[in-house]
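Each structure below is given as structure tokens.
You will see two complexes here that share chain A, one where it goes with chain B and one where it goes with chain C.
And now, the complex of A and B:
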């Protein structure tokens, strides 16, 4: 009996020891983490804080190449309704300049008691200047390799300084989340490019094909989506921008829009007609004749009349509507042509997926031209066909007056 | 050179240590469990007891057919065997025994009756002599179903005192004459029927009538004696239903057996009486449906009942613990219930039940996992509602088991698995909470368990008030004092409510116990620990057996047909078979 008791007690001791030894392996209490919400990458330019710290000796050996600005969340508000200072910000930004992006974020650990974690990183904004001089693949290398950071992080380019995008926001908002949330408005406007996540970028970067990233500009507390930045496949760097109107054309060209408007002035009486898009689709048909490649773009859309300023209270039937439709179709075609002209002649980059169509429809031809597709693309003839289908006129079937 | 290449591939000490732990821990667990088992075996001497009991010729000392069944034990087995050979699956005794009818000879008839009622210990046989002529007669009735008082007054006394009606007779009159005399002049009972069919007479006896067998008469008197006393079929407190019978077992064994008999007419409901307890003897009834329950199961239960060696069996919980398969398992392998309808339903599936005198809790065995989450209501409501409630209960069981563990592991290990907006509000709610999530969760879980335990003992009028004080005020105050986060209060509340969604109170306790283990696993290893715990639990459950029936039998797809009545319950007309898992004698329920 004694023997058994001894055995039992030693066993329980072992179990307790195991439990104590293990304690809480690799646990990090959630209140002690610093959630990264966004990162802004700029060409090296130390902030005042950094300069001040460096003067006091807070520095490490490095070459100043990139300034990483991390946006950290300050959790507050939602539940603790009694907490004072509703106006206080939900976030703070910390900038670290250096050469290694990873080292920079680790250096930031010296400036906070909380552990920075990247699980909830949503946004990476890259400044224009940096994007023009550094390969995008190098810039996102750390973020795509890190285990914590999701490949669904969205990429943006900012005309100007990227860190400015994160600097300020309307009360209660977090700039990094505002950027992501803006994509929800794609149903309302065609001047938003599709959200491009890190996962989607890796392929084109490896395949040296061009693609577009949403451009964002900032003024005061507000950010605005403004056209797209074109990353050229040949260089992997920023090649140029398409402005809002050209983005409109790009969206029509690719059929990626979910909704929006087209505005035009009717040719005969110069009155405004606005068309609301409820659906769009485009087909790019590649045709190869010998060595000659040509594309035909068929754009189809359905929608309704949102505004019609024709005089005389005309009913929106027959000729009136046909005329309106034709002007609108022409307008769309003009926008698309304008965009393609810019892509072909100024940027020399195909971001509308012509190459993809060719690859699918004529793989053998594609294999011949794919190495310098952007150059080939700039001289390819493209024809257009736009079909709008006005399905209804809203609540009123007549024009305005 | 080559040697250094080879050693280069050897893992380092830390990896070696981990491998060693992985190897040793399961071995240690296995050895410990084995050791505990052998220790228990040595101390309780269960095995020897069982052998000894079996050697004593079916354990005649404790297996005692009380009253009516006495002396027919040797016949019984042959009778059952013979019936099985000839009978097939139906219970149509009338067709089976056309030659068996009463002869008019009391001794013979009584033997015949005893044969067909062989496994029914609650059938009482009262032999008497009628009146002055001392005509042999037997009164058959079921204890608890007949009003003994009025039977004594209106049947027994007039019969035994009958002198006047037989005035001038020296010999028993003709059958017709005797019948007339008895009916018209002796018995004070309004309802009288006659039968010569043994099966019908048994049915009548089992349904509460007293049957009188008189020497020289082929016909038996079926005397409608009103139902006797019952200590109210009060609604079971632990298993309340919205829909379904409101009756629950009480403390009187005969009442309880009567409730089962009362469920409906059925001649195949066997009730075998045992006496348990050395110092304080108590009656225990093993009941099953003869043509459904698997013979081997019944034999095994009998064998285990014979191994019970204790001075007093205070409650059926004693029986449960003494005959269960694995006393180291946190899961109950025998279900207890206060509901007769539940017992009947289980028996109709091919299970057996044990009733013990002095407790309203009957035991149902074998148990499969699904039973713990099923309620009789599932069958009473329409199938969609029943299925919904069942699915809900499975979900509630999961929540009750894992919610705090998931809370701990998400908060301490995997902030990335929580949606961003939620993680922000969790962090903000946890600002200033001084404890790690494990301690925080333990504080709340332990206090709610204390509250629940205390709530049981509180006097009824204060109970709800204390619940409010405990639940609402302490919870609210704890949040405001910054000891726990509001999210945790939600988690704990949901967990507590979920554990009450278990239709079986004891199953709820098991989950409560395991929840704490899961919490520690989560605190040490995070999600990995929770998953390991789940696997550990699964591997335990998969080898757990209740009376030879796999506990998780329904989960493994070897009996896909049984899935019709598992997580969802299909319409009744599709449930044509009894659970194949139980290997019932008659696998077809209907159709």
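And now, the complex of A and C:
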């Protein structure tokens, strides 16, 4: 009896151990999954593969509205022989056209044995044409609801076709990751907007306020950040673009830059001077007089002389440095003014946070104007003040001869 | 009380803090902002905490009149045996519902983010059996479990909160009181469910070695819990803005999913945080489960261990009653209302009657 009991308990221990040691319930080995790296959304245009498949009957009932191009990573182990592996890309793209973005990715499961997983999705690029015609909130709806895809996914707009951005890359690179990595260069140049993740757009989209997304253009194997796309709060769709110079102004206006340069020519002898930004800050002060709203923008920056061709070999002291500073300040002011002019008169959208300043400084006034803020904003007078502080001039203490 | 189980004041503070910190962190930022519509809800959290502190103090006073006795035992001396049994049954029901609500939250969140594809019953099953094992050890086992948990959960919670500062924007919390105090008052109500701490004292004070210090327990435990909830609310609004936070089902989890860290061993923290927080919810579950079983045992004179076994299936059934996520949230709001009446309103008349009748142990 005692023996039996002992046997029974060791048997149950065995069963429990089997249950516990058989590892995860719903695991799938990494070699067998399709890691989504990026998604490109375009207006419906079926690829050759899709058309061919459709001709052979590979179709499902749908209205063609969106083409979703998924960039999948191929795990290193799955690439095959070394010789081939060294040459081949470590990603491939698959496009599915349809109306529901979720249905489209599930339809892809008819074309692959691999399970697509969204945990590592980093980038969503939306083509210009689609962004102009469809609400952004509809386009990201599925991605913001999914449990695998994180709200940290970064959003881009591409002037042109979004899928082109993912098509090719320099050897060893993955286009979706190149885009995200480019944001690391914000310390070097002010023509990069801040990275905007899905988490940061759900608020503005829900609250109908305008905001800007990084625009990306493509040529051959290279992509380039080129200004920003402005999503209008009133429509929730793409309203227009700010080009590189205008984005520069926007970055100064918001003080969001981490580093970069300002180049200008001195007024008298047309010689170049370049300033390297080591820090910037901006304050927008709203003032309300009766019904009239006005803003004053104070921009402060510190930095150093990076290049100075003007003034012919003079030491960078006193008047020389003041002259350089004044021309640079004027340049920054011109850039900022140009950006605001475009926002007020062409785009009629405030993406620089003037509304937020008004909301913080005059909440009761804001409550009256918030529903049509972008319209109100387009006729608000704005004054500017730029203060640069040239802290040093590097290893060379004179201008060039 | 015929038990030798005794806990110190600090231990009780730790138990109560663990009881208060639970699934509320997941959703509180959304439920409060939904009602207020302004970023000032952190003030509501403070006010809600202070209110619950007041009700907690009343419960503490009540419990102090009957040292060594739980509400199930002493309520008869105040309102008579039949009403006391009714109150006892309602309290047991309440603790069962709290346990079920917390467990269902764990199920929903785990299946959604952590273990997609794992059936809910498997998660609940393991959860319940471990809880049963722990509760059989009595209040000291629970107390030790809570003490073990604190360094881990607090470090992970505040560590992850610090990391989330990279998506934090202070402007989303401004202007402060831009629309006056009325939104703040409105959103106090949803904090009721998250802050109910006094109810645990109804039976926990009986185990205290120095019941005179119950007041200290109420104040410290509520203040500590308040810090966690303020951090959760402030960080979520700072990251998503008022307009964004109302669109997120689980704002705090989405907050942790909203950033990636490049300079540490791990890049993302939702799995770690969620695992740890499930342990935190486990503490709440165990305390509620123990409270319900203790009540049943004291009302019916059935040994505690049997009551623990008897209540397990009940808790599981209640857990599976909500048919959808909205059902679960409605269930939570219902428990909140219930607790508001049961522990916000009722203890005062009980205390007054006890005074008038001179009831003491």
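Note that in this section the second predicted complex is superposed on the first by the 372 of 401 C-alpha atoms of A that agree within 3 Å, B and C clash if a C-alpha of one lies under 4 Å from a C-alpha of the other, contacts with A are read in each partner's own complex, and residues count from 1 in each chain.
Throughout what follows, contacts are C-beta pairs under 8 Å (C-beta built on N, C-alpha and C of every residue); 3 or more make two chains touch, one makes a residue touch a chain.
From a predicted model like this one, the values you see are computed outputs, not experimental measurements.
Using the contact criterion defined above for the overlaid structures, shared-chain residue A:26 touches chain B and also reaches chain C.
Look at A:206: by the touch rule set out above, it reaches chain C but stays clear of chain B. When the two complexes are overlaid on their common chain A, residue A:73 makes contact with chain B while staying clear of chain C.
Chain A residues in contact with chain B (one complex) as well as with chain C (other complex) are 25-26, 148, 150.
Within the complex, the chain A residues that touch chain B are 4, 7, 11, 14, 19, 22-31, 33, 35, 73, 75-80, 117, 119-120, 122, 148, 150.
Of all residues in chain A, only 25-26, 144, 147-148, 150-152, 197, 199-200, 202-204, 206-207, 209, 353, 356, 359-361, 363-364, 366-367 touch chain C in the complex they form.
Against chain A, the residues of chain B that register as touching in their complex are 28, 32, 35, 39, 410-413, 415-417, 420-421, 423-431, 433, 436-438, 486, 520, 523-526. Residue ranges on chain C touching chain A, taken from their complex, read 112-113, 115-118, 122, 167, 171-172, 174-175, 178-179, 239-248, 254-255, 257-260, 268, 270.
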